[in-house]
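My questions all concern the structure below.
Residue numbering begins at 1 within each chain, and the chains themselves are lettered A, B, C and D in the order written.
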Amino acid sequence: MEAAVLVIISPLLTAFFLGISRLYVKKIFFPLVTGSAIIYLYLLILVITNSYPAKVYSIGDWGMLGINLMVDPFSSLFLLIIAILFLPFIIFSMKYTKFIKHDYFIFAYLMIAGISGMVLTADLFNLYVFLEVSSLSSCALSLQKKTDRGIEGTFKYLIMSTLGSFFILLATILTYYLTGTLNMAEIPLAFEDIPFKIKSTIMAFFVFGYALKIGLIPLHAWLPDAYEDSPIPYNVLSSGLVMKSALYALIRILYIMFGIDFLDESGMLTIVVFWGVITFLIAHCLAFQQSNLNRLLAYSSIAQIAYIMIGLFVGTEAGLIAGSFHILNHAIMKGALFLVVGIFNYSLTAVEIEDIKGLGYKFPIISFTFVVASLAIVGLPPFNGFMSKWLIVEAALEADFVYAAFFILVGTFLSLTYYLKVIVTLYTKTEEELLIEEPGLSLKLPTIFLGSLCIVFGIVPSLPLSLMNKIPKFLLDNGEYIRILLGG
Amino acid sequence: MLTPGFLYITGALLLLLPINNKIKYIISFLITAGALIVTFYLIPGNSLQLDFLKLTLIPIKVDSISKLTGLIFAFAGLAAVIYSINICSLPNLRLIFVFIGSALTVVFSGDLFTLYVFWELMTISSSFLIIMASDFTKKTGYYYFLMHVAGSLSLLWGIFLQYSATGSLSLNAIEAGTPFFLIAIAVKLAFVGFHTWMPLVYSKAPFYVAVVLSIYTTKVGVYVMARLVSGINILAYAGLISALFGIVMALRQNQVLKLLSYSIIIQVGYMIIGISIGTAAGISGAMFHLVNHILYKTVLFMAVGVVIYTTGKDDFENLGIMRSKLPVTSIATLVAFLGIAGVPFFNGYMSKSLIKDALHEPLLKWGLDLMSFGTSLLFLKFIYYAFFKNSTMNLAKKPTISMQLGMGFLTVMMILIGIHPYLLENLTNMHVDFNYFEMKHILSGMQPFLWSILIFILFKKYVVKKYDRLLYYDMYRKMATLFVATGYQLSNYHDGKLNKYLLWATTTLIILLFLLMFNSHLLL
Amino acid sequence: MSRLNERFKKLYKIGLVITFAIFLFFLFYDIHNLDSDGKRYLSEHYISEGVQETGATNLVASVLYDYRAFDTLGEATVILTAATILAFLVPITKATMFGTTFKSIVNQTITLIIPFLAVLGAYLLLFGHLSPGGGFVGGVVLSVIPILLTITYSVDFSEYIFKPAQKKLVENIGAIGFVLLGLLGVFTGSNFLASGQAPFGTGSAGEVFSAGLIPYLNLMIGLKVGAGLAIIFNSLIKEK
Amino acid sequence: MEIPYVVVIILFCLGMYTIITKKNLIKIVIGFTIVESSLILLLMLVGYKPDGTAPILDKGYEIVVDPIPQALALTTIVIGGSVTAVMLAVVIKIHKRYRTLNIDEIRKLRG
């Protein structure tokens, strides 16, 4: 499994070489970026196809003494999301970015490296380090436009996410203090005879720290601000990957380190499901008020993450599958939506809902993609969002969270109110003569690709679900994970 | 197995290709006629199973009720597509195809999942049909979409309850979550209280949209009701109330399309009563009424559409153009009128008397007579304006041939059914032991019609009068205002002060710690 | 009314923090009362076997650059990110620095100090695996040279001696070097960042050329941190 | 033995207090550095053993403190320093654009 470590190393190397290319050899910029993106895609596919049965890669051959990487279905789900989003992101950004391209791509590659590191590592402190890599470079990306709003949003993002990081670090240190190890397989074994109260307090710190990065209400306030004036292709990765990777880390820690029994016993499952319900209800109310498309989509991201949280925290096998499926679907749908907004922004610098009036007739295919993706994210059949929502509701009902299941449907209705508002505006004719810069194929192609995935995964959900069906085996029963990690 | 719904949806996809007008005609005709033929040769008892995730789906399952409904849907689809092919744009034609296709799939679906998916697809396609149709229908489409999605989510919740209670998705009578199914159906078939979308949409949307929508939207609701929640006797009274409400509202309308849409509420009332009786006779009466209603109501909508097309408006005065300038339309309208009024030897009579015969409670029988009376009174107003009032209208443009052709099809069918009511029974093997031409039935069928003529002549000035708009109260709009106000308040809290956000975060931390310290099972 | 509100808010904030402090206090009290010393098998292993396994007498260096070298790669990336952000935020055009002029005695002393700093930095880098020090410390000492130049002379002068592009290059070379040294393990048939296990061996503990990759990794990190900190400092000070 | 832990708690809470009450951006950043230093202190405490010496094994030694927290502390310092640097740079930018450091006046983003 050399490929596992290369998945982390190769974007880092690309970023470093880009740093040199920026100063001395500007010509190799384009082949470097695209070439390494393609190589990266190949590496990812290599790792994903070999992800079952789970494999361990020991860095420096230290075994239990050092840091290990572990590829299992849950982490390969995230690698799959990177594989789906990254190449479209690169192609789109090539044309979209009007500011300094080198820096932008350096940060993008650093961020991807950080995220894949978070996803693959099986070491608690290493997780923290890569979390910092990804969140710092993510801040840098949201700063790229250097406008007033962009800087202000980034500052809020930085403050909130650093606050979260400190709590994660505090919990990590305390875990080391209690167990004397940082390996994710040894911690649960050592955790068994730690008193209940101590464990639940440490868990509270972890949950709080990661919830700040995920953006559950009322910890969400930085999120729309950070989205508002940042480069739009970045928002695709931000909502599809950065938020999700924090969620990934949280799930990893809670399910592997603490175990499902402890979560149930301490009431964490109940709390998170309740929290999720509150979150998406409020987020939908707020999203309706927005006039800026980026903010609207940001609030919608918060709501969708809450659905994912509910799915993942009902604590059953079906719930984990449903939540994981929704992670993938949300990345695709939100990616398509943001890319469409990106095209509008590129062509006529539109960000307000008012600005996109009548564009439905000027960009028929792009607008159709928007309609498809927004219906998918609302959760209407026959698109992919419906399938994962169906599974989430089914799982919630199965686990006796009837109120959560009911409110998910209410939330579906609420989310339709604002997406429909945008769609109706899109198809309202105007007399105004619009100055349009023609978006090239490199902007349209990624958008249409993501939009068509919405339909494909809606009609053939068994395609991605075949990967996800193996996830619960590694999360619900942490024994399996521990056995493989210790055995490797 | 080739299903008609699948054919229509394929047609919609074919229309995505870059094609010229001629090929458009050919494709449309082939698809619609093909669907009709396919439906005709479906054999009751056939079904198809499909494994989808963990569910076992039955995307097609034929029995006599669904075949009857499917036949009339396919037939009306042929007529409606021919009617509107020259008027609507290509994107709208695609949407119409998707809409008809999903309606047909709903009719032949054998499990709740397929039913829900295509039910929702109907909502989506029809909403976009309304939204894309013209510039004045954006808000209407928004309203329609939200209302129907609320209904279908209620259906979805009902399905979930049913699924978790019984563990199967088969399309049988409902055991759990009945209220939610009822809400869903009520929205679809415009039950009183849930009807607000209907007059709004049918009066604002372009007439061809109204024609297409009026064929399928409410009828699918009726069909699903017959399938899932038949035989709840109390609902018969609810249907009666709904119909009476429809009569009162319809009498007060100044717009023909609104009158027609309220009259749908009345006709649906018949079907609700028939279904709620629960006996085989009642249900087949309701289904036959569905067929007849589609025929005459579509013809009426089409006729009004021709009037709108030729004169530009749908005021009652404009109807006057029919008598002098539009002969085909006039004949069709007359036949449809006699059908809807329940006059013997016309098609409405057959199903109305079937339902009446299946009833045993005197109150409902009286109510049914009252409904017939009200209906014919309503349409006497219509007829009065169309044929008896002098009009000085002029034809702005000629109706297209395709419009008249579509209307003609349905009219011929109506006359056929009226003269030979056993046609429908033979077509689908739904035999009801009933002699339509027995004197008793003919008399009781004639009575309300004659009474209504008398009353119309006596109280003409009250009936034919321009009423002011009733006090318009819409609960749903009030709720929406509340939602927006709440959101506004919430959004005001986000005033950009970082201190505040940090304070929220810290408070959350403390709450989280407390919840975990003092076991939260008790609190939540 | 608003003053009362203000006071309430303040009390609320203080209350929150104190509640949190009480929580932390009980947590630490509980943890402290636990007997957790028996569980440190990992650190005991490092202490008893670390010198043989890695060949470095400085255990912190052996943890940083061998057992947990992947962490170090991560944090090196964080510095690089920070340096890139700062370089990107600051406009490329020359900004003026607040005008401080020093007496010539200061200027003369600085020129005298700089060689010593360079030697100290180099020593810390190269002997990081044997004695206190290492890549980070050495890098910080090295970065003091351009910082001192900036403070005493000016940004212009400092950037004339060490051009920003060169610093950036050194930083990137440091990072790339780290990764390539790590990949050396892969090429020789063992895992990424392997030093003792790879065929090149650890050497005998206590000598300069021992401990496998550790000295070279130290050097790379030193270059990277030195250049990175210099960039960060100069960028911060360039802004008005 | 207990007193250093109390110091950690006091520092952490002081930092938190600074972050949530102070209006000046620079002070907020200082709050973060306070929190960070409390965490580093905690790391040192975690690895501490009574009478232990630094983990450099070139001479005779008896008790050596835990080397892992020291390595972690180094990493934490570097990460904390980088984050602080980025924060300060953004603060400088904000001051340049908004001409103020008062956090209540920096609110172009709302809703």
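Heads up, the rule we're going with is that a residue touches a chain if its C-beta (ideal position, glycine included) is under 8 Å from a C-beta of that chain, and two chains touch if they have at least 3 such contacts.
Bear in mind that the values here come from a model prediction, so they are computed numbers and not experimental data.
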Using only alpha carbons, which chain's centroid is the nearest to the whole structure's centroid?
A
Looking only at C-beta pairs in contact, point me to the busier pair out of B-C and A-B.
A-B
Provide the C-alpha centroid distance between chain B and chain C, rounded to the nearest whole angstrom.
72
When the C-alpha atoms of chain A and chain B are each averaged to a single point, how far apart are the two points in Å?
43
How far is the middle of chain B from the middle of chain D, if each middle is the mean of its Cα atoms, in Å?
67
Compute the distance, rounded to whole Å, between the mean C-alpha positions of chain A and chain C.
30
If I count partner chains per residue in chain A, which residues reach a count of at least 2?
125, 129, 132, 136, 139-140, 143, 146, 155-156, 159, 163, 177, 197, 201, 224-225, 286, 289-290
I need the residues of chain D touching at least two other chains; which ones are they?
12, 16, 19-21, 28, 68, 72, 75, 79, 82-83, 86, 90, 93, 106-109, 111
Residues of chain B that touch at least two other chains are 491, 494, 496, 498, 502-503, 506-507, 509, 513
Pick one for the touching-chains graph, please: line, ring, star, complete, other.
complete
Once bound in the complex, which stretches of chain A touch chain D?
125, 129, 132, 136, 139-140, 143, 146, 148-149, 151-156, 158-159, 162-163, 165-166, 169-170, 173, 176-177, 182, 224-225, 228, 286, 289-290, 295
What does chain C use to touch chain D in their complex?
10, 13-14, 16-18, 20-21, 24-25, 28, 32, 40, 42-43, 46-47, 50-51, 57-60, 62-64, 68, 71-72, 74-75, 78-79, 81-82, 85-86, 89-90, 130-132, 136, 206, 225, 232, 235-236, 239-240
Which residues of chain C touch chain A in their complex?
23, 27, 30-31, 34, 36, 39-43, 45-46, 66-71, 73-75, 77-78, 80-82, 84-85, 88-89, 165, 168-169, 171-173, 175-176, 179, 182-183, 185-186, 190-195, 197
Quick one: which bits of chain B touch chain A in the complex? Just the residue numbers, please.
52-53, 116-117, 120-121, 124, 128, 131-132, 135, 138-139, 141-142, 145-146, 149-150, 153, 156-157, 160, 163-164, 483-484, 486-488, 490-491, 494, 496, 498, 500-502, 504-505, 507-509, 512-513, 515-517, 519-521, 524
So in the complex, the part of chain D that touches chain C is made up of which residues?
1-2, 5-6, 8-10, 12-13, 16-17, 20-21, 47, 54-58, 64, 66-68, 70-72, 74-75, 78-79, 82-83, 85-86, 88-90, 92-93, 96
